[in-house]
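Listed after this line are the structures, all set down as structure tokens.
Two complexes follow with chain A in common, the first pairing it with chain B and the second with chain C.
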Partner chain A sequence: MAGIEIPAELQKRMDEIGPVDLVVGVSGPADVDALRAKAASLRGVGIDGEAAPPAKIVVAYAGVPGAEPIPVLEGGIQLVAYPPPQAMGSGAFWMDVASAQRSALELAASWRARACLVVYGDLAVLDAETVRPFSEPVLKANVDLVMPVYPAGKYDGLINKSLLAPLSRALYGRRVRWPLPADFCVGANTLVKLTENGAARTQNEPQLLWPSNAVAMYGGQINQAAVKVQHASPVDGLDLTTVLTELAGSLFEEAERCAAYWQRVRGSQVATRYGDPCPPVEHAEPVDPRPMVESFVIGWQNLEEVWRLVLPPATLLELKRLARLEVEQFRMPDALWARMIYDFALAYRMRRINRTHLLGALTPLYLGWVASYTQEVSGATAQEAERRVDQLAKVFEEQKPYFVSRWRWPERVG
Partner chain B sequence: MWNHIEQALHDSMGRVTTKIATLLPGILAFIAALLIFLVLAWLFAAAVRRVLQAVKFDERVGRASGSIAELSPEHTPTFLVTRLVFWGFVVLGVLVGLSVFDASSAEPGVAAYVFAYVPRLVGAAILLFVGNVVARFLSRSVLITAVNLNLHYARLLGTGVKWLVMVLTAAMVLDHLRIGGEIVDLAFGILFGGIVLALALAVGLGSRDLVSRSLEREAGKSADVQPEEQRVRHF
Partner chain C sequence: MASGEAVKKKRAGSAIDPLWYRDAIFYELHVKAFADSNNDGIGDFQGLIRKLDYIVDLGATCIWLLPFFPSPLRDDGYDISDYMNVHPSYGTIEDFRQFLNVAHERGLQVMIELVVNHTSDQHPWFQAARNAPAGSPERDFYVWSDTDQRYQDARIIFTDTEKSNWSWDPVAQAYFWHRFFSHQPDLNFDNPRVLEEVLKVLRFWLDMGVDALRLDAVPYLVERDGTNCENLAETHAIIKAIREALDAEYEGRMILAEANQPPANVRSYLGDADECHMAFHFPLMPRIYMALSQEDRLPITDIMAQTPEIPESCQWGLFLRNHDELTLEMVTGDERDYMYLAYSGDPRMRINVGIRRRLAPLVDNNRGRIELLNSLLFSFPGTPILYYGDEIGMGDNIYLGDRNGVRTPMQWSGDRNAGFSRANPARLYSPVIMDAIWGYEAINVEAQEADPSSLLNWMRNMIALRKLFKVFGRGTLRFLEPENKKILAYLREYDGEQVLCVANLSRVWQPVQLDLAGFAGMVPVEMLGYVEFPAIGKGYYPLTLGPYGFLWLELQTASAGAGDEQEE
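On to the complex of A and B.
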């Protein structure tokens, strides 16, 4: 079942500690002193509310087991180190995070924990007030998965808003705000399923972890928890094309692997939100869309021969019309964007073009969408922008029959 | 004297006719062998295609290694193997035909010369194929990268890279076939150097304004003004 190799020292500690309620897995290396200070705050986390005995909690981080003796913290919280996964240090940020997340899940599965909370390496989520909305639904109400809802302004997380969230919602039928989370909590049943599938998959090709999609496929219950923290993304210096390639490529790979499931899904289910909603993040000044429109136009002028291998003639005509518009009039229809994403997903499966080239050719189209979106929401509030994003996700669902049809009969065009 | 001329013409005609009559059976045998092997090639290629489709060869190769699809994504592995089998039989037919021609010819040695040259032909064909694939792959990589860097001359760069690789490949193929000798080396050097010089001039002169604008922007950048890229967070 588990792919992690548990050293003898760690196994010994696991036997000494015995069964646990909650394993908090830090996805990656962490500052042990900071971890110790933050982990101590978890002693108030209970199973059945604050009046009940506190949960038995183990906090695991990537390190060398037995390298330094970690005392038992106040409240009986234990700290253990698990061996860093071999796939870490690949240079691809999200792959490294996914490898660490899988290791934490596999450790929790080996420990037969009732729940596993995976947290990002900056430990921003690691305090009792933030952890409770994650752990209580799983431990108390047997929810299979709790996903985060991070506070985001209208110009934040645009790859997630434009592609990851709407595509995941349309294919797997769950309205999850952040399908590629840095923090999430799973129950015992989900632990088993994620680690079984994960072990088989990593033998062939490394993949990102899409927990909500995996849980949706076996019909599990998914909730969402409002998280009032924003993780500092270390990928800000990375090339947009590299990140888009990594994220979109992984989601397309997942779609190819799970085609037998998502073709039967119709509509989408709401994921209940726990916790107080995050205060909206307002942006003061509008964004100038000119550089992004220019990128789109350069893409049209030079990549038409590549796009012709992927997109049908009707879509190319619409792109040609868009390329001739003035910046102020530049608006990319939601249906056009949704169909293009579906066409790229199909081309990814059919291998009509080298996959790296395919995903690189998506960047100018994505920037065209960003230019259109920023103009549409320039005078809107954060809540109005959220409704705009939800409207895009609905269009993805409406265009799904187009995708299913092309997936089954790829030689039909239009 | 007129009789001598007439006699000489008669003799020449006779020799040529005799020569043709001697070679004709060999030529006909060569054509017959080639046609037979063409039919065999078509039959075997069809049989191999059916077998590979039945065992889902494309899917197995795609799971095991993406390298074939990555280098030549327009053609499936089944197509490539089928084509290999077909042309293998055609080449075999040519060799058998040459051997038959040699056996029935009054001038043996043609087949031996051709057989000795066949490995070079095969090597040249492989070089040409690999060079073509690499040229297309690199050209498209440069094109897409240049577009994502907002370079207006992205297509020029992509085409330039493609022709550089093709010229290099052509020179290697001709050198391998021992055609042209030093003339090919010299022509390649001039052509390759010319393409590189043209690209350097195009990029250097074309981006002169871009570089100066970029430097001006860096020098006059205010710390209070946040670039557009930082106000939009993609991830």
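On to the complex of A and C.
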């Protein structure tokens, strides 16, 4: 089951503390002083109704067990350090986060906790008001997973909006806004599922964690919690291709592993949202689509040969037409974008070319989508833009038979 | 434990699912024939390691290795002289260990041979036996007699070469018993020490991490006067003892019975899930070919009707061809004559009681027939077993002796020696196939990998598709009975999955009306292309299939899936 190696010191602490209701796992190292201050606010996070005692909570962070004094916070909240995962420091940002998330989950699974709330290292989520919409559905209503809905402007999180969320929704049938979460909460059953080994004992390649996809596969209940916090964007300073490679590559990998499941899923289910809706974030800064369209056109000129290995002739023809358009006229149809993502996922599976090169060739297409989207929503409110993104997700669902068909009989026709 | 005794942890195999073999795709190969790394003309484990990605890409999940143990090689390695080592031509035990680890890293399971009905006459046990006094423990490892008249009801299996199951040993001054070649004396399982030694061999390989063992020639372990010496209760007791030892110490492992017997007898080798986990379905294979040639489903439906239910944890092993002849022992005399006429025009194609040809030559290199037969292999209840080279439609060489014509080097490319070896061609363990139709320049992996329409790519797609649906490995089977007997139609069902398979055994177009009344309202979705067909109504469901065409249709409810609720 759990793969974390628990040092004797930590095991001793776990034995002393005994059974816990909620393990709050910080995904990565944390400033203990800041953590102490934030964690203390968690007292009063209840479990079984008004008359019941407050939940027994442990806050765990990556550190050296026993290296620090053991603080017991007000309300009986305990702090423990768990050994940092070996994969941390890989240089791949999300892989590091996923490794830390897994360690937190494995610790909670070893502890047989009733729930585990995984929080991002900036601790922004760590206050009772924000934690409650995550933990209460799990502890009180046996919901299997609560995913976050972060406030976002219309130009925020575009890789998620254009690719991660709609592809996850179409494949796994759950309308989850942020399928690659920085914060989420799982129940005991999900803890077991997420920490058990994969199909074969020897296949332990590091992977990002897509909790809602995993929970969808065993039919678990997924809720979403509206949170008012925004994490600092981790992509600043990172090359776009690197980001796309890590994120899309992981989701494509997941699609290959879970093909037997998602090919049976039709349509999608709502993941009920709890908490007050986040106020829309209205951005005033306009986005200039010109450099992105230029990147797309350069991509057409330089990468056409690679695209030919991935995309069918009809798609290439559409791209050729797009490359001739003036910037103001540049619009990438949703169906075209969805089919291209499906074709790239298929080429990833088929290993038609080196996977890094393949995902690199996706970047100009993505920039083309962004140029198209930003122009479409330039005059829209955040809510209107949100509806636009939802429309894209529906198109991903509509185009799913195209993907299934090609997955089952891959030929570059059409 | 109350007594304080330590609980011995069972040693797990490489697969998580203990029933992994029910969903597996086996790939049978001979190390010597697959890839030669040191250019001595003989394939070896290092060569095989280099080709593992090919097997993974094909979609196979378990490699079945033919015997690779030290042997005089008078029966292609089934005459073993040391059970716990590797034949030096193929590498070392460390090479095998490396191969096993690399295979496991790639998610492949590995099955090897446990050939314990007999040994080579060069095995130290036999050499000790023949030199030991009669009645001594050493002599008692084999079956001896002062006369060659015992067990007269036992048939001779290798009819082309053997006249008796007894041979005189001048050293021992006694006859010894052998069901196969005279250089392969049968072990005496009435001697408990033999089973002890067999279990040592079993543990040796399982401790190393081997996932499965094929029990060779399993019906013949024990002999009794007045019987045909096959399928005896005492033989089943030995298999139960092997299984008990396996279950006591290991998890996730599997043993497979090679019992070329009628279905009811083969069934007995699965016991009450306390003998073998798997057994080959030998009688099905010739009947598939017969049905194809006669353009009539009856040979298939008839043999399947005779096939008994098996325990939940057990599985049939299905194959179209293997390293032996297409055996005709389990068909009637008339059926055998028909098969010889239909599939072995040249007498050199026959050996013993069977036909020594590969899949593609058997069906005249007709791509439609090859695909149809594979569609049956992949959709019938059982685990499909592919024979190396058949995935590219390799040919055979009927001018080579014994069954060597179907054991020629794997054809990797159009390079020298088919890319199998860089050795001098004269040094190869077997000549590569070189004629214009079947030769390596026409048929090879490299060319077919580059050709999107090749048989190899077709096989890859079919295997990948099959692996998406557990129903094929685990589901029930029910035949439909349409009036048109050239059409074979059957339903597979498992855990809510329902798949309708329809196959045209004829060389010309065929219409069919299927009685699908029990599925009215459901929508058949063609599985290869994910195309919805018209919904099933209350009347007959009409279909038309092209020559050797087949359809796999997943029956879906009109509103199947995760639902389509609206956002609240």
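Convention: the second predicted complex is superposed on the first by the 399 of 414 C-alpha atoms of A that agree within 3 Å, B and C clash if a C-alpha of one lies under 4 Å from a C-alpha of the other, contacts with A are read in each partner's own complex, and residues count from 1 in each chain.
Methods note: a residue touches a chain if its C-beta (ideal position, glycine included) is under 8 Å from a C-beta of that chain, and two chains touch if they have at least 3 such contacts.
Because the structure is a prediction, the values reported are computed rather than measured.
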Seminar exercise, completed: Between chain B and chain C, the one with more contact residues on chain A is chain B
Problem set entry | chain B versus chain C as contact partner of A:Leu171, first or second or both or neither | neither
Exercise. Which of the two partners, first being chain B and second being chain C, lies in contact with A:Gln269: first, second, both, or neither?
Worked result: second
For this session: Examine A:Asp156 and indicate which partner it touches, taking first as chain B and second as chain C; both and neither are also allowed.
Result: first
Exercise. Counting only touches as set out at the top, which of chain B and chain C does A:Ala345 meet: first, second, both, neither?
Worked result: neither
For this session: In the overlay, answer first, second, both or neither for which of chain B and chain C A:Leu311 touches.
Result: neither
For this session: Scan A:Ala361 for contacts with chain B and chain C and give back first, second, both or neither.
Result: first
Exercise. Now for A:Pro401: first (chain B), second (chain C), both, or neither, which partner does it touch?
Worked result: second
For this session: Check whether A:Val59 is in contact with chain B, with chain C, with both or with neither, and answer first, second, both or neither.
Result: neither
For this session: Answer with first, second, both or neither: which of chain B and chain C does A:Leu392 touch in the superposed model?
Result: neither
Exercise. Considering the complex alone, what residue numbers of chain C touch chain A?
Worked result: 12, 14-17, 104-105, 107, 452, 461, 464-465, 467-470, 527-531, 560-568
Problem set entry | chain A-facing residues of chain B, complex | 62-63, 66, 69-71, 73-74, 137, 140-141, 143-148, 150-152, 154-155, 158, 228-229, 231-235
Seminar exercise, completed: Note: in the complex, chain A contacts chain C through residues 173-175, 197-203, 216, 259-260, 263-270, 272-273, 401, 404-405, 408-412
Problem set entry | Residue numbers on chain A that touch chain B, as the complex places them | 155-160, 204, 233, 235, 239-241, 243-244, 247, 283, 285, 287-288, 291, 294-295, 298-299, 301-303, 306, 351-357, 360-361, 363-364, 370, 374
